[in-house]
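Look for chain A in each of the two complexes below; its partner is chain B in the first and chain C in the second.
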Partner chain A sequence: MNDRFEIPARLRNTSLILIVVGIAALIGGIVCLLMSHDDVARARFWLVLLHDSVFFTLITTVSIFIMAATSLAHGAWIVAYRRVTEAIGANVWLFGTIATVVMLLIVYTFRDAHGHNTIYEWVTPGNDKIILGKKAFLNPTMFTIFTIVALGLWAWFGRKFRALSLAQEKAPQNDPKIYWKVFRLAGIFLFVYALSQMSTGPWLWIMSIQPHWYSTLFSWYTFASAFVSGMSLILLWVVYLKNQGNLQLVTTEHMHDLGKFMFAFSIFWTYLWFAQYMLIWYANIPDETIYFKLRQQGPYSVIFYANFIINFVMPIIILMARPSKRNYFTITFMAMIIIFGHWLDYYQMIMPGPLGANWHINWYEIGIFMGFVGVLIFAVSRTLAKSSLVPNNQLLLKETIVHLS
Partner chain B sequence: MAIKKFAVAAYDDEEVLFPAVKKVRGSGYKIHDVYTPFAVHGLDEAMGLKGTDLHIAGFIYGLCGTSTAVGFISWIYTSDWPINYGGKPHFALPAWIPITFELTVLFAAVGMTLTMCYLNQIMPGVKKHVFHPRQSDDMFVMAIELNSHMSEKEVTAFLKTTGAKEVNVQMAEEGWWYGRWDKKEPYEALNAG
Partner chain C sequence: MHLKYESFVREPLVDNNKDYHQVSEDIVSPIERKPGRMWYVGFIFSVILLGFGIFSVTWSVYWGLGTWGVNRTIGWGWDITNFVWWIGIGHAGTLISAILLLFRQGWRTGVNRAAEAMTIFAVMCAGQFPIWHMGRVWDGFWVLPLPNSRGPLWPNFDSPLLWDVFAISTYFTVSLLFWYSGLVPDFALIRDRAKTKFRKMAYGIASFGWTGTAKNWQRMEALALVLAGLSTPLVLSVHTIVSFDFATSVIPGWHTTIFPPYFVAGAVFSGFAMVNTLLVITRKILHLEEYITIGHLEAMNKIIVLTGSIVGVAYLTELFIAWYSQSWGEMDAFKWRIMGPYWWSYWAMMTCNVVSPQLFWVKKLRRNIPFTFVMSIVVNIGMWFERFVIIVTSTYRDWIPGSWAYYSPEWPEVGFYLGTFGLFFTCYFLFAKYCPVVAVAEIKFVLKTSGENYKKKMERIDAMSTEDFVETVHTHHEPHHEEAAHH
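Our next item is the complex of A and B:
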């Protein structure tokens, strides 16, 4: 079957406009924030770039993760729209590069008027005994090497899975060689992913913004957040392509499965969010409660409660019933809501430490976010248009056609 | 419950079963039930069964669990026996969430299991008529309810044309009842001759 996706002019123009908006916001940010003498404004400039680049890297990497996990489990249900996950995964390098550049610039160049790095405090620890005690782990060399290796591996695996899938099209019919190669690589990728996204990565990139505070399940929590929004991102692409008349093999049954993932992992996210919150609330140790003091009772309480309502209350009420998971409008609406909600979640992980009460969600934050969305649409749609949307000659293609959720 | 007459057709392949189910329904017969050795996907739709309301029952059970937990714990710790635990408020909701969650799951799980047993008419110590001894082994068995307006011969001849390997007519209790498997039921004597 040949199911080609021609990029509609409207989609390309939208993505280009979004990119232009993002670049305008970036230039505006450089002029108004980075070049000002206000340390908080300069920190805001970098933090917003950090927030968006890390968020988009993590949610696009989820596509590689779900491909690897289903490959290991011989899952057929995802094969119908495997090209979408491949296309998103093949563009991880783009966001990974942006994130690496932003983070390394913050580590090596960002200093306030007194020579302190207010975003990553551990770069300039001064006489702080607690931070000095963590020096073996929290130092620029470790940060640089880990970031480049982890994001480089993600990017490589993302492109490799797509290349192998395209090679399968040209392989002899029913030849299992590439299938088992993907199987082995999937196992290796999950190992890499578990050691980066699910443990060390978020410690270095996000948790170290407040280096005095730590939580042992922080990485799981960020993973749950990224996973549910990554699945929502896949769902949005699948719905869009179906609206264009592509992806005829994807039925309501496949959409129902994606809806179930969105619902189940919203609950999973809440579970981890609450597990982290409750232990700190119960133990009531000042070192730990400072994190939630700032977020729940401090200047961020609006975002804190909005986060809980958008990411838990709305999915559980709206997505619980079976008909709502099989309705294209509800799942599309909820996918957008969930992505926005978890964007807010990352916002309240990253901003409170350095910015304190001086947070904004204003032209700069929204402009940069739109820019990243534009880059995502532009890059992924270009990759999608390069090959047939039906993964021809895939061993599990027949199973995915008759799949019932 | 009542003892009724059934025409029973046994098939040896699900690929024969599906068209047969469609044909039987298309001819206007009422299918009592189809018994298969394993779960056959899409059979419920082919039989025209409505979706179950079990999940709505589960939601209600879950709500009962939530309200039981929150109600009971808050009554204990705010009015019956208020104790100061580590300076926490008496109404310490976050600390109760795990128990509330567990009780919600427990109520929903136990309630749904029992409701499912009731809907499927299965339970320890409960008997149901077995139309064909191989219906849990390798045969797909369809039972059609007969009434006084239908001719046995016509129905059995029709079922033969749908590809059935075995066709017969049985008297059977349609529902479930308390009973023991080692004991013959009185109505089973009706099928002897």
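Our next item is the complex of A and C:
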């Protein structure tokens, strides 16, 4: 079957406009923030880039993760729109590169007027005994090597999964060789993912922004946040392509599955949110409560509560019923809400430490976010247009056609 | 309306040439026969163990908990270790029956019945430990808020120990309902086949007048979905709350935010190991190899390597963050864990839970039955040590070096633990004798999609082009076989 996607002019123009807005915001940011003498403004310039680049890297990598997970579980439900996950995964390299550049620039070039790195304090620890004690882990060399290796591996797997899927189209009918090769690679990817996204990555990239604070659950929490937004991102693409008349094989049954994932993992995120919050609140140890005190009381309380309402209360109420998970409008709306909600979630993980009370969600934050959305639309739509949207000769393709949610 | 089709890459869930009648015959006939000699040997041995357990508990209650090895530094010892261990084992049943049902995993049909039964027995065993640990057990009703007029002292609603009482009793109730509602149509099947009057009556009562009408089935499926929806959060909540027993404290080694999800993963890990232990033997003795296939065992082993790896990441995270915190209490707690007098328990846990399950990445080993059996026991030993490590080695060197202590169990504690094995296996032997250990109705449900003989007939569909297949599905036209078109 051949199901080609031709990029509509409207989509391409929209993505280009968004990219232009992003570039304009970046230039504006360089002029108004980076070149100013205000240390907070300069920190803000970098933090926003850090926030968006890490967030987009993590949510696009979710596509690789879900491909690996379903390959290992022989999941047929996702095959109908596997080309979407492949296209997103194949572009992880783009966001990974941006994130690496941003983070390394922060580590190596960012200093305030007193020569301190106020984003990654551990770069210039001074006499802080606790931070000095962590030196074996929190140091620029470790940070650089780990970031490049981890993001490089993610990018490689993202492109590899797509390449293998395309190769399967040319293989003899029902030839299982590539199927089992993907199966093995999926296992290796999960191993890599466990040692990066599920542990070391978020410690280095995000948790170390407040280097005194620690929580063993932190990386799993960031994973849950990224996972539910990553699934929502896949859903938005599937809905868009269906509206264009593509993806005929995708039925309400498949959409229902994605809706279930958004619902279930919104609750899973809440579970981890609650586990981390409640245990820290209950034990009331100052070393730990400092994190939530900064967020719940004072200038960030709006975001703190919005985070909980958008990411838990809304999904559980709106997505609970079966018909709402089978309604295109509801799931599309909720997917956007969830992505925005978890973007906020990452915002409140990253900003409070360095910015304190001086946080903004203003032209610069919105402009940069739009720029990243533009890049995502531009890159993913180009990849989607390069091959058939039906993964022909995939061994579970016929099962996905008769799939019931 | 719906085409029954499954890809050839999946191995059959039911081997050989089976039809509906043969399925009933294979699974129900062991119930209608006299049990073999092995059954009697095992059953009597279990009852003896149970008897010894009752003796040990009686001794402990009569003479008091001074007969145990626990002391003022290590107050929980073997008793609470065993409690958490059994509760963890109980998780597999609910995961299989609830979460795998929601995930539409066909292979659960071969193992869910035995796993659910095991869950119930494991929770029964687990419940004994906190009860008898109270010492003055005649005051045990104080954990219940009935009535709550004894003043503010107890029950303390702020205590995770009390949340445990609610969590576990809810869990037990829902699991029992789930298990029993699945048994109803199978009991009716035994009733309808019964040759003796007594059996007809007994299973008639047990099957609640099930007649197998469409309405019966519709209600039962609706109930199964509702119960699956209820028990999915329960899979997480029970062990989460057990983990709160530790993690809400300020004790290094106990207070760590990763505990809730990591306890849940560990619970599923040990539960699947126990299911494997039981099923490897059960399928052999009852000749159910065609229903509990090597593919089923392999699927379970995959979950074992997955959850074992999650637990492994959690162990390493804990260890790393203890250092990263640069808090001397945390760092010392882990130093005493790894290198103190109890070093062997930490390393036993690491070896059994993190290192050895990694062997299951190898397909040959996943499908090797003796290896699966040995590994299932290794994992359960490892998971016992995990709880021992958490409970004993986090507390034995506490804040005041003057109270540092060492702990070994006395015989009544060991006897109590052995007694719960007696209880568990007594129940399991009775279950295997009087209930179908594989869910007959559910096997029939997947038979025409996943049975080996039916899958053979699908080879023509596999050979079709995608376009032809879509055409076939849309016109509801079956190319070769009428029967498969509707259900």
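Note that the second predicted complex is superposed on the first by the 405 of 405 C-alpha atoms of A that agree within 3 Å, B and C clash if a C-alpha of one lies under 4 Å from a C-alpha of the other, contacts with A are read in each partner's own complex, and residues count from 1 in each chain.
Simple rule for what comes next: a contact is a pair of C-beta atoms (placed from the backbone, for glycine too) under 8 Å apart; a residue touches a chain by one contact, two chains touch by 3 or more.
Small disclaimer: the values here were computed from a predicted structure and weren't measured.
Participant: Would you mind checking whether chain B and chain C clash or fit side by side on chain A after the superposition?
Facilitator: Chain B/chain C on chain A - steric clash.
Participant: Once the two complexes are aligned on chain A, which partner has more residues of chain A within touching range, chain B or chain C?
Facilitator: Of chain B and chain C, C contacts more residues of chain A.
Participant: One more residue to check, A:363. First (chain B), second (chain C), both or neither?
Facilitator: neither
Participant: Is A:322 in contact with chain B, with chain C, with both, or with neither (first, second, both, neither)?
Facilitator: Only chain B is touched by A:322; chain C is not.
Participant: Quick one: classify A:215 as touching chain B (first), chain C (second), both or neither.
Facilitator: In the superposition, A:215 contacts chain C only.
Participant: Which partner does A:404 reach: the first (chain B), the second (chain C), both, or neither?
Facilitator: Touch status of A:404: both partners.
Participant: Could you tell me if A:282 is touching chain B, chain C, both of them or neither one (first, second, both, neither)?
Facilitator: A:282: touches chain B and chain C.
Participant: For A:137, decide between first (touching chain B), second (touching chain C), both and neither.
Facilitator: second
Participant: Where on chain A do the contacts from chain B and from chain C line up?
Facilitator: Correct list for chain A: 278, 282, 404.
Participant: Can you list the residues on chain C that touch chain A in the complex?
Facilitator: Touching chain A: residues 2-3, 5-10, 102, 104, 233, 236, 240, 244, 247-250, 255-261, 302, 309-310, 313-314, 316-318, 320-321, 324-327, 361, 461-464, 466-467, 469-470, 473 of chain C.
Participant: Enumerate the contact residues on chain A facing chain C in the complex.
Facilitator: Residues of chain A touching chain C: 1, 72, 74, 76-77, 129-130, 133-134, 137, 173-174, 176, 179, 187, 190-191, 194-195, 198-199, 203, 214-220, 249, 260, 267, 271-272, 275-276, 278-280, 282-283, 285, 287, 390, 392, 395-399, 401-402, 404.
Participant: Could you please specify the touching residues of chain B with respect to chain A in the complex?
Facilitator: 41-42, 51, 55, 59, 86-88, 94-95, 97-98
Participant: Any idea which chain A residues touch chain B in the complex?
Facilitator: That would be residues 274, 277-278, 281-282, 284, 320, 322, 404 of chain A.
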